[in-house]
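Input: one structure, supplied below.
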Amino acid sequence: MSVTTLLEGWSDWRHEHPINDQPHNPYKWAMSIDLDACTGCNACSVACYAENNLPVVGKEKYAHGQVMHWLRIERYWDEDGREFPDQGARFLPMMCQQCEAAPCETVCPVGATNHTPDGLNSQIYNRCIGSRYCSANCPFKVRYFNWYDYPTTDNVWPAEMNQQLNPDVTVRGKGVMEKCTFCVQRLREAESNAKSQGRVVRDGEVQTACQQVCLPGAITFGNLVDPESKVHKKWQAQQVELAKDVQAKDKEEGGSKLRGYRILEELRPYPSVMYLERVRDSAI
Amino acid sequence: MKDIREDIAWAKINKDVLHSLENPRKMFWVMLVVAIAMVGVGVGCEAYQYITGMGVANMDNPHVWGLYIASFIFWIGMSHSGTLLSAILHLMHADWRKPIYRFAEAMTTFSLMTAGLFVFVHLGRAWQVYYAIPYPNERGIWPNFQSPLLWDAMAIFTYLSSSILFLYVGMIPDLAICRDNMNPGWRKKLYTALALGWEGTDRQWRNFRVTYLTIACFLIPLAVSVHSIVASDFAMSQQPGWHITSFPPYFVAGALYSGCAAIITLFIILRYVFRFEEYMTLPILKKIVRLTFAISMVWTYLNMIEMASVWYGHDPVAKDTLLERMYGPYAPFWWSMIFCGSIVPLIMAFKRFQTNIPVMFVVSLLLNLGMWLERWMIVSPTFAHGYYPWTWDHDQWPSFVQWGIVFGSFGWFTLLFMGFCKLFPSVSMYEVKEMVYHRSLATKAAAGKLEAAGKGAH
Amino acid sequence: MHRFLRLSVLLMGLFAAMSGYAVDAAQSASIVWGETTMPPVTADGQGPAIEQPIEFPHFRHAGDANKDHPEKGGMEINCMYCHTYARRSAVAGIPPLQKCIGCHQSIESVRESPRIKKLFEYWDAKKAIPWKKVHDVPDYVRFNHERHIKRFIFQQNRPFQEACGYCHGNVKELTVGRRLKAISMGWCVDCHKKDHPVTAEGGTSADGQAYWYAYKKPTVSASGVVTANGPNDCWMCHK
Amino acid sequence: MMDSGFDRRDFLKVLGWGGTTAALGGCGFTSMEDGKETVVSYVEAKDYMIPSISVYYNSTCTQCDMGCSISGRVREGRVLKLEGNPESAINRGKLCGLGQAGVQHHYNPDRVREPLLRTGSKSGETITWEKAYGLIAEKLNGVSGEEIAFLTGGMSGHLKVLMGNYLDSFGCKNHFVYEAIAPAVVRAANKKSYGVEMPRISINKAKVVLSFGADFLGSWVSPVHFSQQYAQFRKGVNGQRGVLIQVESKMTLTGANADRWLAVRPGTEGILALGIINALGTATGDVAAAVKGYDKVRVSKDTGVSAEQIDKIAALLKARTPSLVLVGSAAEGYAHGSQNAAAINLLNQVLGNVGKTVEAAASVPFPQMAPALGNTAALQGLNKGLAEGKFKVLFNYAANPVFTAPAAMKFKDNMAKAGFKVVFAHYLDETALQADLVLPLDSGLEDWGSHVPEYMAEGAQINIQQPLMEKIHANTRGMGDILLSLVKQRRSEDYKKYADYYAYLRDALLKNKDAFGGKGIDDDVFWDDTLSKGIVKLAGSTGALSAKASAAGLTLPAPAAIDAQFPLQLIPSVNHSLRDGRNTNQPWLQESPDPLTTIVWDSWVEIHPKKAAELGIAEGDIVEITSKNGSIKVQAYLFPGIHPDVISVPLGRGHEAMGRYAKDYGVNPFLILDAIFDKETGELAMHETRVKVSKTGQKVIVVKDEGPAGGRQMGKKIAPRLPTDKVDFSKEV
């Protein structure tokens, strides 16, 4: 470790903005979630527990807001004060948005969260010292801190239950931050296999746990760089561009007849998750 | 209301000050015991938290920072006035600082040490803290130099080391005095070692002055930068209520403010405990009080600036957060902060109270409370009311663990500080001597002029 | 005052010396920094000697042949003949018992030797041999054997003994396996920082874009050979 | 950390490969342990067994009876995760949260591990299987068929066949098939109107779906299948997005996704249906006559749905065809449930949807394997028998009546009257605790089996269930194996050729190889192929549906007047993952928030804010809900999606047993249900219970995911919404 590496490597270590940064190639993982299809059934959240070794914290800790669900379903009501919500509720699956200019990355004192070449926002458990600055600076509040040592806590993974733990995902001990990883263990395995065969990952070859389980298929996931991928086509159809903070839709609200938007885009984190607005029929 | 006597014998100064090292009033021991008890509480809570996990502090997932960070800022802030008194006023040749700058510096050092503790207390994995230190390591990776938290660590470390140096260098002549006046024992050995063979030769004095002055000059910008950097922990983040350009001056002002208030408190305590009535005189108190009053007004102004800049910022979320502080669950604390920070100091504007020790004691305590609340009001409401409504916080009330550790930190500070005052001269003997000497010269000169004038009349 | 100056000079000297030492140390990552994630290193900078249920003689199987004393020499068997999983999976694993028997049932010469006896006891009992793990890394470290073998043996055609030996040392001279290299982060990183010629195949676009996250920018020589570093993306090994 | 309880060694025994342990990273104390860990390697390894490479086995999900096909990820001999099997027409590669949690049923620490004899000490004495079988034989000795009762949940496939044979061996007819929350009334009504119990419905083909309380996205029939149809329905055919109208008194998950949700007065769903027929004005003959009285003024008065709303619906149904009308639990749960259902089905026929969006489903050509559908009337019968002391020996499998039967039925006491009670159980649930003999079952992932789903999506199919890994507990047995052993006690001759249930199943399938499309294929090949597919598809027989609308015998009662003493109506709502409470002890389900209230780990009562204001109830107040048959205390949650005269408590929680994750969480509304039954089918009328609510004065903080901002977005663009005229679906991909 020398100062020269530090200086040489400096520019490579920091990817502050998708535009003045090198473009992603060959991979940029991104998502598109159709809120009109999402029924709010929570299957994705459970699948996430199963795939990523999330601890079940129990009632008391949940009450203290120390729940660890990487993927939460939010339920919103109309705010027009009618007696009944007679146009139903609005469900929103919210997980780490894998921002291109992630507010969490710049503030971590030890660089435990970084931007990866395939456009993810990595979280390195064994590097984390638990300053929790990343969570403090996350606009979406999708980072979850290990307030207790769950592996050794009663009834989190008692005998037999621990056999279900996914060996590809590190089980987190106390004092580290964690968050949705877009199922990086699956992505990296697919990338590695593809590499062995001298090709890039095909569209649909790899799925995130939540996408795989989503009953109405509201979640589309794939490689944004690949022009043939579904997710790329969806982003294109909605005219949502990764590196912009004002999209075609925002220019003419509603008039554009587009549904695609990214949450808190005005803060310019350039999220990798595009949502498609929920629709309600005007005829009834 | 009498000031230090100009005809006071230098031997008496030595005697009085050294006396403070020997037997202070009973109150000293009382304070010491109380302090140790408080530290005990703090250590207990920390041990519990360390073993069980941060969860016992009852922070939750949107609301990940609590009283630890608030207290951290508070203690950093407190450290500033020491530098102000000793360094800035030193350069300004304000001679009234001379009897009190020593303990002010001590306060700086020890409050920094206390602040440092909170870093460890706050970390989820304190045992891995060395990851944040930029040293050439086996893993072949550096910490993240973009993170304000890292700048923090560096700035504080620098500030701590240099203020220790400043304190020590400034003490060398006095240590020599102690060395010469102590009867043999471990203390004498200690002073001998620390005095670095000071003999008071002209050459030594010359070098001494140069060194002292250099460090002083170095320290002032450092002090300012330190709290600006602490401020940037917040200002450089993206959160509503934090992302405000006026934060650095705001923090520095707050720092000086709480520091001066603390000095008043300690002034009054030391004055009594170590029988320094003759040195820490009321005129000096008056001067500090006036200084504090001035700073309190600056702080109030900057506080309003903060609100104004949020208001003109046209960021609805930031406005919400601000209003949340005033009218939300944190309202009582926010308003008592305004009361303690901006209303109470008005008392200090009245001559009558400026030298009224009991009143000033209470006032100074209230000011410190206000400043502590200010730090809390900067940290918590933003978490409770950030950008994302879904995660707005329900009941995030710090658990006894957090309170216990904050409580303990005050004990820790008192322990270190009183220990220091018992072990080292908390009034700078040589500077007091200078002071009275210069003053006597001045008066003599004045008297001389008078006589001359009288003669001329004839 | 003099003492004061001397003292400070001394201190600065010390610090300089320390950091200098640290730098060298890091370059040849052979010393322990007292960090919990570092391997325990014995005096000779190797892992502890480990007692295995069967004292497997690597030198006999993998060692070089000995012209004049064949019985002393080895059989130069390819590592991947037994450690067959290494090229197909992230973890090398341990060969199944079946593998040993496959050959040894037809090797009468050593059939009566105590080790082989023991081997067949396990086989007859259909019991797995409780091998002890020799190369253990912390559980949050995920070394991928397949990738390294694919690159260095199948893409760059390096001899398997060099490729495997780079991390496992000269196992062919050992009896029971033992950790010969300090398998620590700095040690891995050192290698990732070295320049490697990379081929355009394997999903790597020729301009080396896939390496933009490496320690250094890839360089393309006149002959079009891309030289790049290994990845320094933390998520490669820590997931 | 490794030494602090979470034993890594044990872990490795199963895991096999140290290098791939799911590690306790980040704890800072994971040290390198050269030569400490034992690496258990295979003795013989198939060539597809590669460390750290997962293998997928197909099987069938047993979390509920809908027969989704699963594909389990198995690695180093442990099943890690369940995915859907794309081959199945029912779930098409998808799997709901409930199904995902199947692994937690399998690995559950509270499973019964040994046969327990509970006659002596209530804690139970561990005995061997031989002893257990001996005991059963002894108890059955000299007992006539009429004195034996077999209570089970829904069953199908070869298990059902075997069960039948066993019962026949006594000449026993008392097989009671009980499901606490099955759509039994709807089945009966369908049988009447269409001629089949469960037709095949195509939401995706409909332009308008008018659902009377059918929670087809949450818990009705086959949510996994319908959710996928729903997605296509929303995408719409050629840009014409489907419209969903939900009519119910308490908003279900489906209601929350509706374009228009109508809070109808409880029990008047049928009236609304007739009102719509009336408004359509297309009805003829006796139908026209039957709906004559139901002009929109009256209907709107009865139902609380505005007249213009009725017109709008009628207009929409006219304009956009084909449409689809569904009838679900909200409509059937009344004393006149059958009538409600009939009226609603009538609407479907009038709209001419039969044959378009409602079609005949394929059925398996082996009637003996066809599913035995559970209902609550069965429990009635059993309970009656028990009360009269008719039954000397009671067997119970896959049902927990002590928990799900209304206290008014006094089932627990009546059960005690049976001489000898055998319960086949996974956990010591409420019913198992009443048993004399508890026999531990294999988990759904350890057992063999075959299932015929009640709802057939496309062609007919039989789902194969196979073990995904070795048994965790040596002494558990599959239900098939147990039955086989029991049958052998009776007819050893016919069955001795089967070593175990596996052999029986294999033989039974191969016998009909030809019907399963295995004509001329070698047995082993066909068998392996079948297992690897996990499904047997076969040419099912499909009958025709009667599309003829007839209002014969259709009489709807006027809406019941408000009872002064019990002014409110209690609707026990069905949570999409907890259902009737058989899965409550799976922590993932306990901790996954209820979609509408986001409450976890506890029960709650939903009260409309308006009503709450009247009663002075605020969120978190512990209220006492009193019915004629008892009372429960539960936290209040103000919920806008509910009729003001209705309160709702979710089913599934409130266990008094069933292990650490279920016991003492929440309350059990089954207990206070009135024993009112549907007039025609004798089904328990779940929605008829009338209650009153009173504050107890206690208050708690409701444990939920939703923050203090509630469902508000505070003017931020987080989950915005567009009307259809502002969207152009044709642009989308």
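Should a chain be cited, it is by its letter among A, B, C and D, assigned in written order, with residues numbered from 1 in that chain.
Keep this in mind: a residue touches a chain if its C-beta (ideal position, glycine included) is under 8 Å from a C-beta of that chain, and two chains touch if they have at least 3 such contacts.
Bear in mind the structure is a predicted one, so any value in this text is a computation, not a measurement.
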item: Other chains in touch with both subunit C and subunit D; value: A, B
item: Core chain by centroid distance, with centroids computed from Cα atoms only; value: A
item: Maximum centroid distance from subunit A, chain identifier (CA atoms); value: B
item: Chains most often in contact, by C-beta pairs; value: A-D
item: Distance from the mean Cα position of subunit C to that of subunit A, given in whole angstrom; value: 35
item: Gap in Å, rounded to a whole number, between the CA centres of subunit B and subunit A; value: 44
item: Rounded Å distance, subunit B centre to subunit C centre (Cα mean); value: 54
item: Whole-Å gap between the CA centroids of subunit B and subunit D; value: 66
item: Numbers and ranges of subunit D residues touching at least 2 other chains; value: 17, 20-26, 28, 52, 701, 706, 712-713, 716, 718
item: Per-residue overlap in subunit C, given as positions that touch at least 2 other chains; value: 22-23, 26, 37-38, 138-140, 186, 193, 238
item: Contacts with 2+ other chains: residues of subunit B; value: 125, 128, 136-141, 387-388, 390-391, 393-394
item: Graph class of chain-chain contacts, one of line, ring, star, complete, other; value: complete
item: Subunit A to subunit D touching residues, read off their complex; value: 35-37, 39-43, 45-47, 49-51, 53, 56-59, 62-63, 67, 69, 72-77, 79, 83-92, 125-126, 128, 146, 149, 151-152, 155, 157-176, 209, 212-218, 230, 233-234, 237-238, 254-255, 257-259, 261, 263-264, 275-284
item: Residue numbers on subunit B that touch subunit D, as the complex places them; value: 125, 127-128, 316-317, 320, 387-395
item: Subunit A contact footprint on subunit C (complex, rising order); value: 22-23, 26, 37, 138-142, 144, 146-147, 150, 186, 193, 201-205, 209-210, 212-217, 231-236, 238-239
item: In the complex, subunit D residues that touch subunit B; value: 26, 28, 701, 706-709, 712-716, 718
item: Touching residues on subunit C, where the partner in the complex is subunit B; value: 1, 3-4, 19, 22-23, 25-26, 29, 31, 33, 35, 38, 184-186, 189-190, 193
